[in-house]
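Please see the structure below; I have some questions.
Letters A, B and C name the chains as they come in the text, with residue numbers starting at 1 for each one.
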């Protein structure tokens, strides 16, 4: 007998209005309807439970899943590979250094050339403010054009594996972790979640994780507090989204420049480093101008600026200020752990150790979130297809 | 009901004499019989139509398809990956930098070591005159020896992904595009096709595209005109083939040093840059001698020589000289487009834009051409196997 | 009708006590029971024969097989890819340069992050004495922890693709070659096998091949002779194992500093270069200290030391000293062949040529050995699963 939860989840999925998801991309969570967001959670959870039941949710006999990584990645790369593989697709990496893109090929052309037998394209492009999302939109528009022109037999599903604005596969995995950890989305209402900047000796970490977190978590009735030192604000348009979503869901969006104050009574804390917005902007300009001396100087300045806020660390003392001293600690990993990965970092070793297992659990949702995004873009009636899969019950591990 | 064309194509395929294709390689089109060439077109078209019918032409449950890229590649890499995947094979790249080949391993040994469970080997080796094809032959001979000696359980099908002499997956895709564009190979008789050199600011482009085009297109009764400035001739043996094929098919092979004259009354134009033959020869020698100063000087000389022929551009004015001013423009992509990818290039932006969709269509045949080449080398009776596939009709997209 | 040998081998497999293999790793052969070693040979041979019968031994519909190569590799890389593919898994390479490991991620964390949908992890880490095996153990322990904590839905099977101590996929392939070549393991009793150092102009070759060979071959009643110049000894713990296994199996473990003496009356010779133990130890220290000048000097010293033993070459004269002048020559490849890959090497060209086919045959066992290791770690009752596969007889090449 199949796990009852799976059947219930499929029923819930079938009641959502997700007609707008087919052949569409899930690039920024704030552009998605509540039903679309919810459909991803439910589908991801179904896929995760099917894995435990040893049922293979393969929906393709063949097809490519292209990946384009313009920045380093371990867990997102493996999550994407796992998701593609689970659905029956084979990853083909577009290594821009080994390609002919240097020849002066346009985005439109490359998109088409890699897509003749492609079902999904995952892109990480998170280095430059104003760039990553713009590039993904350009690829998406090209794919639409070429699909409509009959050049592509199917419209590849685009997956945003992190851009300058959002990191939806991360924030959605974080959120599904919260839903399961607290026993249902309804239990999150009124909880206080803190997205806090934290000190790290490294430079230039993207803003997309905190942006993804505050703009998504604000949709579920949680009070969202954003804390960072002066100068470490986020892209204004995303702040507006968080504010708006909080108001819509009857919650409060708070901003503070004190980590201590933020942690006060928190149910969930997410302490993580990111680069100052102005530094990211200046960096984009310097990179465009090829000004390497300027970049070296900027890195120095930024690290000096960071160093002023070394006390922004998630310590045991700070954790004590949270609700019952036992807020849920979250991180997208890898965390900069004091005395482990560096001498001063985002989090004390004892805090991280206590929550290590939970952060790994959090990370473990990502492959299913990505698979859900692809599946929902690809299937016209996902609920009924999932029902067919369960009926047939093809084994993932055959023997 | 299956598309009627598919059944007709399979019938036509079954009437061809392709007994010589099994376990044989398709390295140079001019070594292949007319029936073999025709079988590739028909099989590629069948595979393309099956894709539209959502039928999976998987012929392997497992097996590797090795790729060896000794030069950069985007579309050929993705075409090969797509073709392998469509047939059920998994691409494994032989990255010669990460391998032990530097240890002094022989070609014979490497070929065997990568082939124990391999069904196809695709190689791009197009940089040096006198090298690429020689290398592929050496690999092919090694595979034959090791298969005959019982060391390999099957003889991998070799795919020439571009050598110094020919670029058969490109020229065959180009030709299938022509066949479909003009409504059948019979409609190509008497048409005038122009393979013309065109200016590009880049250096050292291989000769294999123009060589592949003139030696293949000349087999179908088309009048082939080869146009280039003085010094930009091609490998003599291939010129002879083009001439011979034209004579055999009752057509005319014309050579000219005027792009204008070439375009006069043309039905199809293929303007593309390539390096002067003598430069490619000298380059090979300098590379062998490790003469880096000589290489720098050669590049300078070559670019200076190119710059004398900046007016070899496919402009609107030139296009007007073609039949009814509307010849079909072709390119293997990426094209050097004036004011888009460079200030002076092979083609005017407005011309390229008008034909952009058609060049993408042209490129879209390549995965199927490659899959057809592998399939024909692997199956003893391809027509009857394709009939079995159609009968079973396994779904490519399962849900 | 299925090959009778397959049924017999499955029967033999079912009689072995391999209950300890499920979810366990095969990192060092000397830690494995005789039954476990025997089970790998039998399973590998079954898989090899199934390949000839065109039966697909796929045991997974999906799943990743991660590879981590900390040293160059051709044949092991392809063997691992082939094995994974044969069982239905898709290789995903962990390229540590493209990952976030530089961020200060721990081994525990990386192991978990790459394993959420992973069924096998193959690692090559053979550069530093005291490092490779330690690292693999750390990964293995992490995987155990995370599997037990419920973070991983299955425990990935680890495959040692060469460490500082052992190279089990190589030595097991070598041994299966011997078993088949001499018509059964029972025919090896009393045979004399010589593992001899041989001169090579290259530097820093790992000790794991000779260590793997002497510690494995000593288990089957063969007299094992280890020959090397002064200073080229192996890791003491492995020497002890070889000595102990020889005594247990009633054979003799002999050490000599004369290649000539070693070859006298030998049935099998395995002449191969490796680095002096002390050099490998010093190298590890220098690398840790980042002492590049020291490393350059060490390489010079080592090559000078090597050069004193240029006469350690497997020549025709030496081969004449073996039993009937026709001992079986073995090598893990690539060999340094005099006048082929270098001016003075491990073996004379005429000797290597005579045995070339057999060395390729030897190499051809590796994919099946790796597949067997994964299969035995993954299946609770491998014999009965293999029987089910044979009953169903799914085709590997479908058409």
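Basically, a residue touches a chain if its C-beta (ideal position, glycine included) is under 8 Å from a C-beta of that chain, and two chains touch if they have at least 3 such contacts.
Computed from a prediction, not measured in an experiment: that's the story for all the values here.
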item	value
Copy pair subunit B, subunit C: interface residue numbering same or different (half cut)	different
Angle (degrees, nearest 5) of the CA superposition of subunit A onto subunit C	120
Subunit B-subunit C separation of Cα centroids, rounded to whole Å	40
Multi-partner residues of subunit A (each touching 2 or more other chains)	58, 88, 90
Residues of subunit B that touch subunit C when the two form their complex	58-64, 66, 88, 90, 92, 94, 98-106, 109-110, 112-114, 116-119, 146, 149, 151, 153-154, 378-379, 385, 388-389
Complex contacts: residues of subunit A adjacent to subunit C	51-52, 56, 58, 69, 72-75, 77-79, 81-82, 85-86, 88, 90-91, 202, 333-334, 336-337, 340-342, 357, 360-361, 363-364, 366-367, 394-399
